[in-house]
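Below is one structure, written out as structure tokens, with a few remarks after it.
Order of writing sets the chain letters: A, B, C and D. Residues in each chain are counted from 1.
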Amino acid sequence: MRLFMAPQLNPARDTGWRRTWFDIIHRHDTPPSRNFDLLLVAAIVASIGVVMLDSVERLHQRYAGLFYMVEWAFTLLFTAEYLLRIAVVKRPLRYMLSVWGVIDLLAILPTYLSLVVPGAQSLLAVRVMRILRLFRILKLTRYVEESGILLQALWRSRRKILVFLFSVLTIVTVAGALMYVIEGPRNGFTSIPTSMYWAIVTMATVGFGDIVPQTVLGRFVTSLLILTGYSIIAVPTGIYTAELASSLRQSEDEARRFDQRGCPECGLEGHSRDSRHCRSCGHRLPDPA
Amino acid sequence: MRLFMAPQLNPARDTGWRRTWFDIIHRHDTPPSRNFDLLLVAAIVASIGVVMLDSVERLHQRYAGLFYMVEWAFTLLFTAEYLLRIAVVKRPLRYMLSVWGVIDLLAILPTYLSLVVPGAQSLLAVRVMRILRLFRILKLTRYVEESGILLQALWRSRRKILVFLFSVLTIVTVAGALMYVIEGPRNGFTSIPTSMYWAIVTMATVGFGDIVPQTVLGRFVTSLLILTGYSIIAVPTGIYTAELASSLRQSEDEARRFDQRGCPECGLEGHSRDSRHCRSCGHRLPDPA
Amino acid sequence: MRLFMAPQLNPARDTGWRRTWFDIIHRHDTPPSRNFDLLLVAAIVASIGVVMLDSVERLHQRYAGLFYMVEWAFTLLFTAEYLLRIAVVKRPLRYMLSVWGVIDLLAILPTYLSLVVPGAQSLLAVRVMRILRLFRILKLTRYVEESGILLQALWRSRRKILVFLFSVLTIVTVAGALMYVIEGPRNGFTSIPTSMYWAIVTMATVGFGDIVPQTVLGRFVTSLLILTGYSIIAVPTGIYTAELASSLRQSEDEARRFDQRGCPECGLEGHSRDSRHCRSCGHRLPDPA
Amino acid sequence: MRLFMAPQLNPARDTGWRRTWFDIIHRHDTPPSRNFDLLLVAAIVASIGVVMLDSVERLHQRYAGLFYMVEWAFTLLFTAEYLLRIAVVKRPLRYMLSVWGVIDLLAILPTYLSLVVPGAQSLLAVRVMRILRLFRILKLTRYVEESGILLQALWRSRRKILVFLFSVLTIVTVAGALMYVIEGPRNGFTSIPTSMYWAIVTMATVGFGDIVPQTVLGRFVTSLLILTGYSIIAVPTGIYTAELASSLRQSEDEARRFDQRGCPECGLEGHSRDSRHCRSCGHRLPDPA
């Protein structure tokens, strides 16, 4: 949960251009810093768009030169931003080794690599990882609180979900081996790993249809597997919903239950709204607001 | 939430045919207005049925003339209704620019356009948008309260759902780019947008099967993507269920909520609204407010 | 909820064979009536098994004669039971017109019809409807209470689910018409009804893959449709879970909240467990058990 | 719930090598026993990995000899462990007939059988059942409590889920027979069992696409079946979530449950456990029990 550190703010630093740019990059409540954020979001989205369009064969054949130029323009822009971030933070190395620093570097590295390594063309697709940079901006909005609640509930249910995933993996392994024996390579179940891939695709109700059981016994086992998957899809949903409901209920309960009064005598807080005397020392409480 | 305005009622208007038709159209508790509503629902459903049947090649070849005539009959009927609505409301322009006014216009426009524009034949399918007009009638029934609760819970969870959708889009983008690199155009992943389309189809457990991974690594990534999708499908369900349960619980709580009276003798609070004596000391309680 | 009436018990009836058989058929707590129930379940399951096996071409070619004989044996058995039921109940016509009476008749009718109507062979598949008869036996077990809770929650959420289904149908209609225009008969979207069938298959995340979008725009609309379906699958789950949780909580609350004491003075019941005085007249309550 | 017995601990046994090995195998808090557990997990995972790789045709052709040797090494290791377990427990037969004993035996039997029975090659896939042995180790971790809560909620909702599964089976049977009649063997619905397999695949939203309806009526019934499946997938989720939420709420309630003390002065009950004075009149409360 604490993987993503806020960059070190350095208020006592020199007040020259570094201070100015530190504020532009790391504050988000002044007009210049807001413009910087907006520009960054636009550049990220646009550069991802270019990568996507460039991967379409027909467009690549016609606009390859243009895409190449635009890509370099974005890369230079992101490089300048990366160097600027290194220049203004107090501990550059710490930033470079942080999760955000690595993501920032990954956004520019593939383009430079494509100059050196010849076959790195396909590596260029890594550039869409730039989308992860958007999460830094997201963190500044009011949505961060919402995602905080969602992540907190996920975090609290992590062990239950791991137990669930382990059970799913066991069922998948057993079902995969079973179907490999029953159907065999003749019907597309060429190996146990392939069968397990099929079992995951089937149990999670995706059902591509590239591999399908042909024998009566195979179809019977498939039906059992599907009904199992259909029934236990309830489990992660149940886990998560119960945790989330519990979170929401707690915050409601707290808002409605405990008032802000502290005991004038002993300072104890956390009284019920209908309390008129401190539950610890018995002193009279002030009336609730 | 307030996009759909109720049309301006104008009680001090002239009491002639305008007043009569305004009541027929905008009231829903008199026999003529009820019949108008029923007729409208029947006409909308029937006209959509004609559009559907007309799109079936075999039926179109045999009954094209009949369908054409019926369509024009419905269009003239809806045109008359549209003009009538404009005539009776106080501010015609406001109605015409409202959401309902635009939907009403869309219900008749395509047929007229097909006279002018030659290739507008396929545009005729827009006529099924008439189904949206049914929601106006639905608003008048007791179902509106139910849908109100559902929409309210959706509205309250909108931010959490947006955060969720943004996370899904990120996973889809990264998985799409990854699969494009791994599988490549050779196996149907012809471009990153195509790969992203495949990732959405897969992660949401639809699984058409028109594009499927062929390599071992591709199948492994697919399995991870599916398990991720299978696990986080819990999130929107959890969000919505928790909000809805919270809504329902609040209304329950309110129904049985205790009143504000404290016992004059012992000060105990938290009595039921129908209590007349303190449940602890038996002293007479003041009447509830 | 009250569609399925219990057959009229007639205690003052003659005590001859009718009374005996009425008890065997309609009671379920004596050895003969239990054996009757078990025999009926076995006969129903076996007769459905025969219908299923008979539909397998290979088995039909070899054992058609055997299956024919067994089917007639079961039909005669069920006919005898049907006549017996008519004979022992007080109001035969009322039974015959009840839901259970119609289901009982449907279990034997197709076999007799196959004698008269020549092409009724395929109608024989209607015989699997006999499975519905099992629900009558299910009603007698302790599972009936469980299914009662499930049905009650379904019943209470029926309006919300109808609103949901109507919204789904609207989305399906609009998406179907849109895809018919975008993809057209060339790509398998041969008519609007076909497109709507595809939209249902897609939105509900089934995804057969027999019809798939080929154009870029079509795939984009499909992605939107899938994400919508993926998000709103939460709605019926949320509705049902919230209602069910509310049901379970109420019964828990009731069990834990209200005790059995009535006020000795005014007879009022429904006091909290911690009440020592009647909340209506203020009289001292007896101590809770 | 009590199928998996803990092996009989025998503290008063001889203190020789048996005692030492019993501790190593059955205790999990000493360095040797921890190492034993880790070694066992590693051996199980590795041996399953070998089975999987061996099933890949290409790898089998190149490394068949190596895989054969490694498999025998693991089999001998597991055999030694099995004999050791028999040797150290107090009642060897009871262990051998317990669920864990049978699973342990199944882990080694197929390899020995392959020596005797010639065609048992495919039986070797049974060896992946060794994955079940991992659950014994899982039982020792802190995850056991989590899985306990999940299993408890599953157990409590077992009857509701059985009712649900029976209803699903009824719908599947009726829909299967219906589609067999409507579509027939011509369109792939070759028999009622095949149709039922298709109905399960469709209703659970898997949708392989190997069998798809072709007729208009068939597609209409399919749409109904899908919408039904889409709506009632809420039921197991609802059941499970409600039970799980109820479990979590109970433990919360207990944690903050009020004690049984009444105020000696005013009789008010419902104080927090840490209250020392009545929250209404301020009188000293007796110490909590």
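One rule holds in what follows: contacts are C-beta pairs under 8 Å (C-beta built on N, C-alpha and C of every residue); 3 or more make two chains touch, one makes a residue touch a chain.
Since the model is a prediction, treat every value here as computed from it, not as a measurement.
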**Report entry** Pair exhibiting more inter-chain C-beta contacts, B-D or B-C
**Finding:** B-C
Report task. Give a one-word verdict, same or different, on whether subunit A and subunit B use largely identical residue numbers at their interface, taking over half shared as same. Result -> different
Report task. Please compute the C-alpha centroid of subunit B, do the same for subunit D, then give the distance between them in whole Å. Result -> 40
Query raised in the report: Where the CA atoms of subunit B average out and where those of subunit C average out, how many Å apart are those spots?
Result: 29
Query raised in the report: On subunit B, where are the residues touching two or more other chains?
Result: 193, 196, 205-209, 233, 237, 239, 241, 243, 245, 267, 269, 280-281
**Report entry** Residue numbers on subunit D that touch subunit C, as the complex places them
**Finding:** 159-160, 162-164, 166, 170, 173-174, 176-178, 180-181, 184-185, 190-193, 196, 202, 205-209, 212, 216, 219-220, 222-223, 226-227, 229-231, 233-235, 237-239, 241-243, 245-246, 267, 269-270
Requested in this report: State the interface residues of subunit B toward subunit D in the complex, per the touch definition above.
Outcome: 205-209, 237, 241, 265-269, 280-281
Query - Complex contact set, residues of subunit B against subunit C - result: 48, 51-52, 55-57, 122-123, 125-129, 131-132, 134-135, 138, 142-143, 146-147, 149-150, 153-154, 161, 165, 168, 193-194, 196-197, 200-201, 204-210, 233, 236-237, 239-241, 243-245, 247-249, 252, 271-272, 274-284
